[in-house]
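In what follows, chain A forms one complex with chain B and a second complex with chain C.
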Partner chain A sequence: MAVVNLTEIVRNRKEFIDEVEKHGGKNVNSCYQCGKCSAGCPVSYAMDYQPRQVMRMVQLGMKDKVLSTSTIWLCAHCMTCTTRCPREVDIAGVMEALRMICRKENRPIRERKVPLFHDLFLDIIRKGGRQHEFQLAARYKIATGNLFQDVDLGRRMFFQGKLRLFGPKVKGAESVRKIFEKCKELEGDVQ
Partner chain B sequence: MCWCGSNIASTVDLDRVQKAVEKLTNVVHVEQNKYTCSEPGQAQIVAGIREHNLDRVVVAACSPRMHEKTFQRTVAKAGLNPYLLEIANIREHCSWVHTSVEEATPKAIDLLRAAVAKVIRNTPLTTSTIPVEKRALVIGGGIAGIQAALDIADAGHQVVLVEKEPTIGGRMAQLDKTFPTLDCSACILTPKMVDAAQHPKIRLLTYAEIEEVGGYIGNFEVTIRKKARSVNEDVCTGCGICWSKCPSKAPNEFDCGLGERKAIYIPFPQAVPNKPVIDRENCRYFTKGKCGVCKKVCPAGAVDFEQEDELLRERFGAIVVATGYELFDHSVYGEYGYGKYPDVITGLEFERLINASGPTGGKLKRPSDGKIPKTVVFVKCVGSRDEAKGFPYCSRTCCMYTAKQAILLREKMPEAEAYVFYMDVRTPGKGYEEFYTRATEEFGVNYLRGRVARIYPKGDQLVVRGEDTLVGAQVEIEADLVVLATAMVARRDAAELAQRIGFSYDQYHFFTEAHPKLRPVETNTAGVFLAGACQGPKDIPDTVAQASAAAVKVAMLFSRDELETNPMVATVDEGTCSGCEWCKPTCPYGAIDIKTIEERVGKRTVSRRVATVNTGLCQGCGACTVACRSGAMNLKGFTNEQILAEVEAICL
Partner chain C sequence: MRYAYYPGCSLEGTAKEYDLSTRATFRALGIELEELPDWSCCGASSAHTTNHLLAVALPTRNLVIAEKQGLDLVAPCAACFNRLVTAQHKMEQDARLKGKVEQVVEGEYQGTVKVKAVLEVLATDFGVEKVREMVTKPLKGLRVASYYGCLLVRPPEVTKFDDPENPTTMDALVEASGAEAVMWPHKTECCGGSFAFARVDIVEKLSNDILAAAKSNGADCIATACPLCQANLDMRQKAIEKQFGTTYNMPIYYITELLGLALGLEPRSLGLGTHMVESLRLLREKELA
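Showing the complex of A and B:
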């Protein structure tokens, strides 16, 4: 592993931590590296760095490094870590904040499929007012090129009535669209 | 005016202050020193008083908490009453909290002006004396209380040692071995227990609790409730026939409920006094009205079902509080099974399970099925260093006792594997680090750095999931037994006891020492001292050291026949007191009483109720002077007139 020169990084860390906390990551500096978050994390096996290591990188201000990890995208936001943290650090919130910063700054994304899924998910709600699973699956499969993955599962779900071909009719679709517009007005468009 | 080296002089322009102060009315002479507290500095004050015939002195220097006594003695040397001195605190209140000379200098002038305004209204005050009752009360019969009692008694003073359990010995009696020497806990404790019982100057009151505490340093009046033992201690020989024949059983508290005892019992074989007690809640005679076997078999006729609680009123000159600690209840940890898995135990339960006098006779068997464990996982910092579910503080002893327990396990059962989940290993004691090193190197205990996230059952085992943060990977251990190093916490009734005696405690209900560094065994209530874990988590060596320190403080107090009282106490102007009694509940020390006076109004004599202050109890806090509606209550040395003069000097 390459040597990390902390001189400049640490000097600017307050700015970065403030940014993370502004985006909803609470008590970053309280983390004392006990590892309880990582020990209980259901997705930890797939991550390149443990959630605990992500917390440390944020504390030190290693912005470039932490925003290029797969961990921040793989976090499923199940909140197990946040619930168990003895220092009341909102670890899942920090992951969320890091994702937001990454997208706002148009940085390269390590796990591209994750934001793709999020975007499609939100796009369907924005346009139709409610989620439409068949459309989501179809668009996601086309976009990723994995056309035949999960076909068997899809077939079974279809016959059990879990996947409908046509989207639901929604009365308040217009109101939902307004919510999206308001969010865009307040937060800016991150997509 | 003191420079305090550069502490004051670098932030306050003292020449400018001198020019301003010299102009004040009543100021005759001003001078500066580099160090006023030095001998030449003090000599200068004495010379100044003599040369200029001064009758009041203001020293502008550090906080009065540092050197007020010093300068009071200095002015007394020149023949002035020591209370004709005032300190203007231009260090803590001025130079240390400001960085700019332009801000600090005018503030120093203000502080001096206020001090001058006050000092000219100071009156000479004299101390009086109160007698000292040379008997000490020690509350709590653990190792802290025993050590304190022995030391006070060896200094030649009478001691009453009160313990609420039926025996003295406390937590230390429950332990198996002690770190870092691995000597048997009972072997080093029981001689002290016997010494305490046999010492001619110590009176043991076991199965007794403090009911009420009144009075003040040198003269405490204490009511002790001696709970009904249902056994006449003077007659009982401790032969043990009663508890061997008793048909009722109950969980043994001494074994953390892991074993059973009879309804008439002694907690453990070396109990002192070796006299049983009847647990009335579980006794067949008391619950069903039938039985009485113990009474029938007792050859001495000591069993007395009619015995009642007894209230003893005693006088003491000093109190040592040594009430110890409790263990954190880990049932708040859902991820560790809410305290419901029988094979997830506490460190203290582990001690009982490996102790020869414990429920398994010293053979480590797990509580659920009595199986001999092959894999034991120790988890540190459960409830400690966890503000989310427990307490933010470190319990100080767990690192060492966990290392000890892991060593004992490997020593007794080399085929068993020991794992310790830790966040840090803290070993700041003599021989402690070496002991921990032995655990890893000599005994092959597996230390894993990380906090455990979850414990869950799998078959008849428990899976412990944590992260080894040094590897950066999740790890799992299939354990037969899990030992949690639960935090040391204050006793449930600690706050209540502190309120009853009248001293302070912190947010975790540990008792507060008067100063964290320089007065570690005193409370802020004169005559009440602390020993052991009731003041904060502590191991045995520190507890014993603190107990001996508290004993010395008591002996110091008893080396005098009389005590000088603080003359800065409240006083009542009976002429203006309206007898509203508003001051009485305000006083935190119970120093105010109401008396009836007779006075002549015209031709008649009428009686009237007025407040009166017990100067022995009054600590001079001034709360009553604020509460007083008629302005009749005044604090000597801090009269309303003096305080208002200070306010005026600053504001006008």
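Showing the complex of A and C:
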């Protein structure tokens, strides 16, 4: 069993809660640990800590601990928890905020492939204005070294005309690239 | 009736039959769609886990274009729909954020356009009864599980559409097409969404639960209104069957494909036949195609 020194932990909690709320996680202090979020979470079986426990860690300012959980990366953002929370806590929003803080501070990431996917996804939009699924799949496979994942599925999709080899052309691609630049200027980390 | 149309990136690729069948079905009902000029990606599930401002700015670029067009906007993809209405909701709640976003997209956002999912346009704006009257080939004998997934109905204060636990609009449209809407408990369970790349095991487990529930409640097939749901349940079905040692062989249709068929449109013109799980055999067995 781990020992948690509450006096020490609680001293710094306000700063951390403010940071989470600044990144979009609302009403953190309202959580009264009923566990409804965890009972309804479809991915809780795969998480190291339940969503309810993540909420408590945030309330107690346990920053290092909460940012090292797999839970924050395994939230599928289905928003079942946010919808059902009797205290109107946006739990899925808190998970997002925690991911953003984790990335901003360059902390080690559990479930590294999850943000890798999102980075590639955003890089393609930044350059071309729209998503291009074939490029996304190819780059993801190269980046993970898993070249043969879903090869048979890809072949069948190609023959059904569902894989476009060349990306779409968007006239406003330049304006989308500018949006990325400005967001980076104003908020930091975009990818 | 006339709307601006935001197909979204999936409808140019893996979900092209959703695009075909939405356009064809709307045309048959006399609903006009004008594609949003020079639309760009909404950022989908990636922007909102990475940068708060980007997650609102990417959809807003499209909202600003739609406002110039002066029409309400139809977004068939549930993920696009959710990102667009979430951006609207966040800017409504936070004037400072709105100002920042306007600066980023170099345009003014008025909040004059209503964003709608395909189900809402068909069931509410057009009307279930009117759809029923226009059906020429009722889908008799087809037992359909209506699957809504997460992003159309959650969170309700943002999507402002149907019920988050037991939605019924798609069921009503299924019944209007002459098919039977089966009662089942997994209407809004998550399929695993974008974990299709990084954690295939999670998608397979969640999608298997959904397929198993549809089967045990007597469905022949599932109807969806989301490209992610359709892709996970259809494209992954073979792998799921192998993984869990079971057989479903369950076609996963877009609701617009089923409605188009009931309106007398040709199956090929709706993109039927391009699914990974054979989608025409069941319809032929029931003498519907």
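Just so we're on the same page, the second predicted complex is superposed on the first by the 188 of 191 C-alpha atoms of A that agree within 3 Å, B and C clash if a C-alpha of one lies under 4 Å from a C-alpha of the other, contacts with A are read in each partner's own complex, and residues count from 1 in each chain.
As a working rule, a contact is a pair of C-beta atoms (placed from the backbone, for glycine too) under 8 Å apart; a residue touches a chain by one contact, two chains touch by 3 or more.
No experiment lies behind these values; they were computed from the predicted model shown.
Student: Determine, under the contact definition given at the top, whether A:M157 touches first (chain B), second (chain C), both, or neither.
Tutor: Only chain C is touched by A:M157; chain B is not.
Student: Does the superposition put A:S175 against chain B (first), chain C (second), both, or neither?
Tutor: In the superposed model, A:S175 contacts chain C only, not chain B.
Student: For A:M79, using the defined touch cut-off, is the partner it touches chain B, chain C, both, or neither? Pick first, second, both or neither.
Tutor: Only chain C is touched by A:M79; chain B is not.
Student: Quick check for you: in the superposed arrangement, does A:E111 touch first (chain B), second (chain C), both or neither?
Tutor: It touches chain C, and chain B stays clear.
Student: Who does A:I9 touch here: chain B (first), chain C (second), both, or neither?
Tutor: Once the two structures are laid over each other on A, A:I9 reaches no partner at all.
Student: On the A-aligned overlay, A:G35 touches which partner chain: chain B = first, chain C = second, or both, or neither?
Tutor: In the superposition, A:G35 contacts chain B only.
Student: More residues of chain A in touch with chain C or with chain B?
Tutor: C
Student: Touching A:G24, do we find chain B (first), chain C (second), both, or neither?
Tutor: second
Student: A:F121 contacts which: chain B (first), chain C (second), both, neither?
Tutor: second
Student: Following superposition on chain A, which residues of chain A contact chain B and also contact chain C?
Tutor: Residues 45, 80, which sit in both footprints.
Student: Looking at the complex, which residues from chain A come into contact with chain C?
Tutor: 23-24, 42-43, 45-46, 74, 76-80, 82-83, 90, 96, 99-100, 103, 111, 113-119, 121-122, 125, 129-134, 137, 140, 149, 153, 156-157, 160-164, 168, 170-173, 175-176, 178-180, 182-184, 186-191
Student: Using the touch definition from the top, list the residues of chain B that touch chain A in their complex.
Tutor: Within the complex, chain B contacts chain A at residues 335, 381, 385-390, 423, 449-454, 465-469, 472-475.
Student: Which chain A residues qualify as touching chain B in the complex?
Tutor: 32-41, 44-45, 49-50, 52-53, 80, 84-88
Student: Touching chain A in the complex: which residues of chain C?
Tutor: Its residues touching chain A are 9-10, 12-14, 16, 38-41, 43-54, 57-58, 61, 100, 103-106, 150, 154-156, 164, 188-190, 192-195, 197-202, 205-206, 235, 238-239, 274-276.
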